[in-house]
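Look at the two complexes coming up: chain A is in both, with chain B in one and chain C in the other.
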Partner chain A sequence: METIQLLVSGLANGCIYGLIALGFVLIYKATEAVNFAQGDMMMLGAFLTLGFANSNFLGLPFLIAVPLAILSMGVIGYLIDIVIIRRLFGQSQVAIVIVTIALGFVMRFAAGNIFGFEPQTLESPLIGRDVTVGGIFLGLDELLVIIATIGLTVGFWLYFSNTKLGIAMQAASQNQLAAYYMGIPVKRVQSLIWAIAGMMAAVAGILYASKGSIDPNAGLLGIKAFAAAVIGGMGSLPGALLGGIIVGMIEPFASRYIPAGYSQVMPYLLLFLMLVFRPHGILAQVHRKKV
Partner chain B sequence: MRVQFKTSYDTDIRLFKDRYQLAWYAVLGATLIALPWLIDVFMLGEITNVLIFAIAGMGLMILVGQTGQASLGHAAFLAVGCYANVILQQRAGLPFVVAFPLAGLISGVLGALIALPMVRLHGIYLAIATLAMSVITEDIIIIAEPLTGGVGGLFAPDISLFGYVINRYGDPAAFYWFTLAVTLFCVWIYRNLLRSPLGRAFAAVRDSEVSAQAMGVNVPKTKAIAFGVSTFITGLSGAILGHYIGVFTPEAFNVLVSIQLLLMIVVGGLGTIHGAFFGALVIALLPTGIGMARDWLAANVGLTTTAIPGLETATFGVILIAFMLFEPMGLYGIWAKMRTYFELFPFYRQGMFVRQKSYLKTERMR
Partner chain C sequence: MMAVASTTAAPATTESKDDVVLRISNLESFYGPIMAIRGASLIIRRGQIVTVLGANGAGKTTLLKTISGVMDPEKGEILYHDKDIAGSEPDRIVRQGIVHVPEGREVFPLLTVEENLRMGAFTRSDGGIGDDIEMVFGYFPILRERRRQSAGTLSGGQQQMLAIGRGLMARPEVMLLDEPSLGLSPLLVKEIFAIIRRLNVERGVTMLLVEQNAKVALDVAHYGYVMELGRLVMDGPAADLAQSKDVQEFYLGVREDENPRGQRRWKQRKTWR
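Showing the complex of A and B:
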């Protein structure tokens, strides 16, 4: 019983890591840029929802606030690309890493000063509702996280394999120059990918906030998502989700069976082991360059 | 504009280009030595802080600027240097003159050992691995409580150099000179490293791993050595930092410090020693600068601003983004342009520093 309980809560956490990692991998795959601000974008998305929905801010109905927040994060993602990231095209990868870290700082500052630095809870209709399935006690929020993640992943998979724009995105990520010659507006496609990543961050943020409280430093969760992305294999969308779930699963079991203090080190230990024995992740995407 | 005639190969690798450069640096050195008599105690403390950051910056610069390996985990080695120095003095009873270099060495060896599995990675993987390392440092220090004092932290004793006791508050000038001496030592190591075969191997690895390999450079070994040298210098900086802040807890070395170190050298200008110093100046003096600006606003404009939490980091972030967009070479780039402008006056052209753009190099095919 207990194991299943831990399994479910780990799965729910893991799905959130997976969603952040998914946005991160999406950008990496398509533009070779590494967005270290993905965790902070998640935080910002959660706070935007909170700002739209909570009664002490705008107090809009929850079902209006959610799409509004997702949409605004999409716009923010699009703007980040056209204002900043696009101009860095052609500079080294480290440059983009640094800029996105700096962006994360700015977002944390903005969120903290607009919404306050204390942890706050999202007034979501899901909080506190539980379902009991065969003696297992499940939070509705946890179930929703799992369902939403599965839905999003399937949706993305269909999108990338079937729609014209999805295929254009795949092409742009495989070879920008060739894609450009084929008439794909590579720049716009990249901006759209940033917008999608922003929207995914918002979804992850809403799910995260409905599971507990949110504060401006929640963006540091992104570090675990990076670990997840590397464990799963950078540049692989299913890998990101897989890595997220693995990291999420390890945590509750580690904190249950391993003395406190050691348990929070476990996900990173796994990351190191992974880097030593299979550096490119479970679902590796790297091929050796042939000169 | 002075024209140099190169009459031997040594001209290319001399420490100073010519006598004028030597003279300028001599003036700078003399000013730095005379500084305790020129400024007040508070500013001297700030400048000491700048120097400590500059040493750490140089350490990181060898890795990031010279070898091209991004590390987001250097606060971990600050911590190793800091803790090793104090523990060696307090537990093992070693004198400072032994404990201090030993702390640097421990940090360096640890850095090289940790780097060994990581050097097979590149770019972004390395950044994430070092970031993860930085995150767990705090936890590891707390786990190792019997040695490190856990969350309570440790208390750094006074520095005693051959019987002469230096207290950071009692004798700020001596503390400053000591830091300055270590800084100069690190600059000397750095400069000599750059003109040695190893330094050229670093540059080769940075510019293209495939070509470096083709030229016979052992890439993983070079990266591991770069890590070792870099963490050695960072460890030294950490040891001084411990004495500077007096009491330190694991929180003093959290992941944000690592990130700040990397951002610092980028603002300063990657790949140059000047950059480490410029960046350290910005990061150490920014809080003071913001405080001064606030006081000035209150006094002259009558605008009383309440302290905005996190303003320093946010300002720093904005400065950084602006630099990345408009001056990727950082403060050093501005400095180099100004210097060239005056040296070549009136022949400076707009396009002299335009860098060639390299188009997307994919990491997945390597």
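Showing the complex of A and C:
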């Protein structure tokens, strides 16, 4: 019984890490730079939903607030690329990394100033409702997180493998120069990828907020998601999800069976072991060019 | 620029002006601070294969990149059907009918062969894409066998075929081919060039072919230019170039064993210097 409950809550955690990790990997594949603001984009997405939905802010119906927040984060992601990242074209990757770290800080303080630095709860219709399946007590929010993640992943998989623009996004991330030669508008494709990463962050944020409270520092969760992306194999979309689930699974079990203090270290211990023994991650997509 | 004295008929001058597809004049391109193309002018006529010969670093690839819009020229004109396309974005240039088949294959390694071909038709939205994939398979039957395989697992020769096939998918009027022989066995080079010739004859694709392998290039081309250190130093019909002493000595590796004094000079002086 208990194991199954730990499993479900681990899976739900892991799905959120996985969604953030997907954002990391998407942008990494497209631009070969790591967006360290991905976690903060998740936080911002959650706060935007809160701002739209909570009665002390705009008080819109929840089902309107959610798509509105996802769309806004898409626009924010798109703008981050065309206003900031595109100007760094040709600069070293370190420059992009530093800029995204700075962007994360900006988002953290912007959210803090608008919504306050105290933890707040999203007025979600899901919070506090439980379902009992065969004597197992499960939170509706946790189930929803898992279902939403599965749905989103299948949707993205279909998009990337079947639509022309989706395949072009893969092409642009595999060989940017060749994509230019084929007439794929690489810059616009990259902006769209930032938009998708933004929307993904918003979904992750909404799911995260429906599981508990949200505060401007929630974005630091991104570090764990980054660990998940590396464990799964930076550059592999299924790997990101897998890494997320692994990290998410470790946490509840570690805190149940390992003394506090040590248990929090477990995801990073795994990251450390991974980097030592299999630095490309579990599902690495290593490709060597033929000469 | 100095033209090679040609004993055979000069084909270019007698034809009408409308035949000129691409007219490049006084082009200058920079790689950072380095001037890679120093005022190049050339003319490409409809249905011809024009080759640009030259050593490593002569500026041949830069010339193609500048035409296809991946690099912007500093000065000069690229007139495509009398419209200046210099400095346009690459996707606009592909849409207008010029496609660049890059050096070193540059396929999309994790996409399948068929997806690679579909990406070649990215700028198109007509219904003929499926038929054109079949057309490419007709020229390169091995690609049909490998259609579901990811392109990164193909051999070098197959990747080169895929790169050319992918270029064809844009239905180009002009194809810019960069070193299609690079790294291929002599047999494969022969095969690829036979197909290049067929594409030119059967599909009427005008080609600008950049090669270090001067022999095969002059074999297949109608007209040729020689590029050195960013300048086009010599041009003429391919057959005449193949006979020229300079080209023989420096690009075809033919030894000049006898000269008027009966001894081989240890270093030939190029006539264009």
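We take it that the second predicted complex is superposed on the first by the 286 of 291 C-alpha atoms of A that agree within 3 Å, B and C clash if a C-alpha of one lies under 4 Å from a C-alpha of the other, contacts with A are read in each partner's own complex, and residues count from 1 in each chain.
Just so we're on the same page, a residue touches a chain if its C-beta (ideal position, glycine included) is under 8 Å from a C-beta of that chain, and two chains touch if they have at least 3 such contacts.
Keep in mind that what you see is a predicted model, and the values were worked out from it rather than measured.
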Inset, instruction - Could you classify chain B and chain C on chain A, in the superposed arrangement, as clash or fit? - result: fit
Legend entry - Geometry of the superposed three-chain model: angle at chain A (Cα centres of chain B and chain C, steps of 10 degrees): 80
Inset, instruction - Considering only touches as defined above, state whether A:255 meets chain B (first), chain C (second), both or neither. - result: neither
Legend entry - Partner chain(s) touched by A:98 [first = chain B, second = chain C, both, neither]: first
Legend entry - Which superposed partner A:180 touches (first chain B, second chain C, both, neither): second
Legend entry - chain B versus chain C as contact partner of A:265, first or second or both or neither: first
Legend entry - chain B versus chain C as contact partner of A:5, first or second or both or neither: neither
Legend entry - Residue contacts on chain A - larger count, chain B or chain C: B
Inset, instruction - With both complexes overlaid on chain A, what's the closest CA-to-CA approach of chain B to chain C, in Å? - result: 5
Inset, instruction - Mind sorting out which residues of chain A both chain B and chain C touch, each in its own complex? - result: 177, 285, 287, 289, 291
Legend entry - Residue ranges of chain B touching chain A (in the complex, touch as defined): 64, 68, 70, 117-118, 120-121, 123-125, 127-129, 131-133, 135-136, 139-140, 142-143, 210, 214, 255, 259, 262-263, 266, 308-311, 313-314, 316-318, 320-321, 324-325, 328, 357-360, 362-366
Inset, instruction - Within their complex, state which residues of chain C touch chain A. - result: 68, 70, 89-91, 93-95, 99-102, 104-111, 115-116, 118-120, 122-123, 152, 154-156, 159, 166, 170, 183
Inset, instruction - Flag every residue of chain A that touches chain C in the complex, lowest number first. - result: 164, 167-168, 170-171, 174-175, 177-185, 285, 287, 289-291
Legend entry - Parts of chain A lying in touch with chain B, wherever the complex brings them together: 28, 32, 34, 84, 87-95, 97-99, 101-106, 108-110, 112-113, 117, 176-177, 220, 223, 226-227, 229-230, 234-235, 261-262, 264-265, 268-269, 271-272, 275-276, 279-280, 285-289, 291
